[in-house]
Amino acid sequence: MVHEVANLLEAKDLNFSYRTSVPILKEINVHVSEGSNVGLVGESGSGKSTLLRLLLGILSPTAGEILFEGNKLELTDKVQARKFRSQVQVVFQDPYSSLDPRQRIDRLIAEPLISLGLSKQVSTEKRLQSAWVEEQVIGALESVGLSADLAKRYPDEFSGGQRQRIAIARAIVCKPRILLADEPVSALDVTTRVHIIELLRDLGERNNLTIVTVSHDLAVVASLCKEMIVLEKGVVVEQGLTAQVLGEPSHPYTKRLIESLPRLKV
Amino acid sequence: MKTVKAHRSWSLIIGLAIISTIILVALISWLWLPYSLDNTDGGRLSQPSATHWLGTDKLGRDLVSRLMVGARIALTVGFSAVLIAGVVGLTLGMAAGFAQKWLDESLSALLDILIAFPTLLLAMLIVAARGSSLTSAIFAIGFGMSAIIARLTRLLVKRVLSKDFITASRASGTSWPRIIALHVLPNIWPTLIVSFALQFGLAGLAEASLSYLGLGAPPPNASWGSLLQEAQATVMTSPIAAIAPGLLLVALVISVNLIADGLREVADPTLRRAR
Amino acid sequence: MNILEIRNLTITTSANVKVVSDVSLLIAPGARLGVIGESGSGKSLTALACIGLLPSQLSATGSVILGDINPQEIIGVSDKVLNSIRGRVASIVFQEPITALDPLMKIGRQLAEPLRRHQGLSGDALEKAIIQALEEVRINNPSRIATSFPHQISGGERQRAAIAMALACKPSLLIADEPTTALDVTVQSEVLALLDSIVSERNMALLFISHDLAVVGQITDNVIVLKDGAIVESGLLREIMKKPTHPYTQDLVKNALILDDALDIAKGGA
C-alpha cells in the first residue's frame, strides 16, 4: 500500500535517444509520489520535455522502463493503456497550439471521456451518456474558473490564459491522479502566470492530483512543487525537496542556476 | 465541424456568379440546344445572325450549340479530374504526411517525379495505350494533378501533426483514425478546398490544350479546346469562332480563381483574426 | 540635447485601432531607460518606430527625434535618410537572434557588412576587425564563430553575434527588445552583464525593453510602464516597486513579488 502511494509514476534506469543521434537522457531514475508535486528543472538540451513525454507514454524508452503503480508501462495492452491514460494527463506550453482551432471547446474537453470509453461505463443509452459527458465538461470548466456558457465557443475567441485553463479542464475532466505539465505558464504574462499557478495548486489539493511540471523558471517550481529534480544535458544532477535544493544546493550546476536568477530588489 | 461564417467576399460572390452561369448553360444544354450538333444546314462559316447568334463553323454547325455542349464538357472534365486528383492525391498525401524518414523521402521523391512529368506527355502515353478520348484526357489530367494535391496534403498533414493538440489527443486515448477524422481533416480542409478550386480551372485549360493538340476527345467533340483548334485556320474571316471559346475558357478560369480567393478569405478563421 | 526624444507618438493600424497612444519619453546621451510591458503593450512597436522600422500597414503620428549632434526627425522621413542613421546613431537588438541573423550567411560575413560600410575596411584589416568585434562581446573561439552559420552555434552565441553586429557602427543609442528572453537562465545573466558593461564602456545610451521586472532592474533603474499602448507609470523602479500608483502596475508588482518571494519561501522550508 505504502509502496503504491510512494511510487505512483517512476522512471527506472531510463535512457532515450532518437534513432541514430546523441543520447538525450541517460540513466534517469526518478519517481513521483502521490501528493507531492515534482518540478523538472533544466535549460535547453537538458532533456526535461523528453522525460515528460516518456512519463506520458508518448515516447518509448530506448532502455530502461516507465512504471505506473509499480507495473511496467505496456501501452500495447489496451486495458492498461486506457487505465493509464485516464489517470495520467498532460498540459502543454503553447496555449495556441494545444487546442484544435476547429473544434468547439466542449468537444475538446469531452474528448478524453469519449476516447477512453468512460461515457460508455456510465450507461448504455446514448442520451444518458451525452448528458453525463455534458455534466463532466461543465464541471471541469467551472473548476478552472470558466463559466459554462463559454462551452460552445471556439478556441480563437479566448486569451492565452483562458486557453490554458481550457487545456487544464481537458486534462482534469477524467479525474486523473497525475497531471504532467510542460512549461504550463511560460507563455503567459506575469499576472496570468500567478493565477494559473494558484489554480494548479488548488486543483492539486482539492482533487488529489499530483502535478509534475517541467519548468525552466525556478520561481514556478518553488511556488508549486514540494520536490524538484535538476537536469543537465540529459542527466539528473540533483534532486530532493525543493526547499533543500534551493536552500542548500550541492551540485555546481544547480548553484549556477540559482545564482543566475535575476532577483527583484525591494 | 466549424461552419463558415457569413462574411462579405466580393471575390467569392462574383466567382460563384460566373460559374453558376456556366453551370446553368451546361444544364440547359442537356435539355435544349438551339440546333442539334449534327445539323449542318447553317451554311459554312456564316456570320452572326438572327438564326445563328454567333454564326456557324466550317461544317455549318451552329456555334452557340457547340459552345453550350463545350460548357458541359469543360465542367465534366473539371469535376472528374479534380475528383480523381482529390482521391488519389489525398490518399498519397496522407500516407506521406504520416510516414517517417525513408518512407517519407521515397514517397516525396515519387511525387516530385510525378509533378515534373508533363501532363501532356502523360496524356500522350495514355492516349497511345487507350486511344484518344475524353476519358483518357480526364485520367491524364487527374493523375497529373494528384501529385500536386498530394504534395500539398503532405505538407499540411505534417504541419498539423506537429501541433500539441494532436499529442493531447493521443494522451486522451483517441485512436489514430479518429484523430484523422476529428483533428487532421478539418484543419487541412480549408487550404485543400482552395487548391481544388484552382485545379478545377487548370483542368479546364489542360483539356483545352489536349484537344487543341488532338489528344482529347475525337470529333464531333465540341470542347472549347477543339473549337479553338478548328477556328485556327479561319480566324481571319470568322474571328468569333476563336474568340468565343477563348473568352469562355478565360471566364471559367477567372471564376474559379475568384472563388479560390474568396474561399481563402471566408473559410480560414485564423487568417481573419489578427491576434 | 537628448539622444532620443519621443513626443506624443501614436501608432494606428489600417483599421484605425490605436496600438500605441500618445507616448512621450526622452533619453539623454549615455543614459538608460527601461520599458516594462507585457504582450500587446506596444513596447516593440515603440522600439521599431525609433528607427523607422514600423511595418507599412501601421501609421505613426507625433515626433521621434534621434541623435544629439544632428537631431533627425524619424517619422515620415525617407529610407535614404533613415539608412544613414541606422547603425550609426542607433541600432537594435531583437529577442530572437535566429530571425535577426541571415540563416544562409556565415556570421563573419554578416558582421563584415556594417564594418566595411562604416569603417571602410577591407581584406586583412577587415578580418581582424571581425575577430575583434566578436571578442568584444566575449565570444569564445571567435574564429570558429566567424566561419559558422547561425544554426551551427548556440543561442547565447547568436545573441552575442547579433549584439556585435548592432555595435559594429558604434551607435550612440542601443535599443534592446527583450534581448535575453529567449535565452537560458545561465546565459541570460551573462548576456545581461555583457550589455551592462559594453554600454557603460562606450558611454552609450540604452533603451531596454522587457516584461520581466527583475531583468530590467539588473540593468537600469529608470523605467516607464506600458499598458495597451500607453504609459501608465514612470519613474525609478525601486520607487514603483514600493508604491505603485496605477492599478495595472500594482497588479504587476504584486504578482512579480509573489513569484520572487516563492524562491525565498521554498528555501525557508515549506
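Per-chain numbering from 1; labels A, B and C assigned in written order.
As a convention for this text, a contact is a pair of C-beta atoms (placed from the backbone, for glycine too) under 8 Å apart; a residue touches a chain by one contact, two chains touch by 3 or more.
In this text the structure is predicted, and so the values were computed from the model without any measurement.
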Contact-connected components, chain A excluded, all else fixed in place: B | C
{"item": "Most distant chain from chain C, judged by the mean position of its C-alpha atoms", "value": "B"}
{"item": "Interchain centroid distance [CA atoms averaged], chain A/chain B, Å", "value": "48"}
{"item": "Approximate Å spacing (C-alpha centroids) for the pair chain A, chain C", "value": "35"}
{"item": "Where chain B and chain C are represented by their mean Cα positions, the distance between them in whole Å", "value": "51"}
{"item": "Partner chain B, residues of chain A touching it in the complex", "value": "19, 53, 56-58, 81-82, 85-86, 88-90, 92-94, 97-104, 108, 111-112, 115-116, 154, 156, 167, 170"}
{"item": "Interface residues, chain B side, partner chain A - complex", "value": "1-2, 101, 163-165, 167-175, 178, 182-183, 186-187, 269-270, 273"}
{"item": "Contact set on chain C toward chain A in their complex", "value": "38-39, 155, 184-189, 192, 211-215, 217-218, 238, 241-242, 251-252, 255-260, 262-263, 265-270"}
{"item": "Chain C partner contacts - residues on chain A that touch it in the complex", "value": "43-44, 160, 189-191, 193-194, 216, 218-220, 222-223, 226, 241-243, 246-247, 256-257, 259-266"}
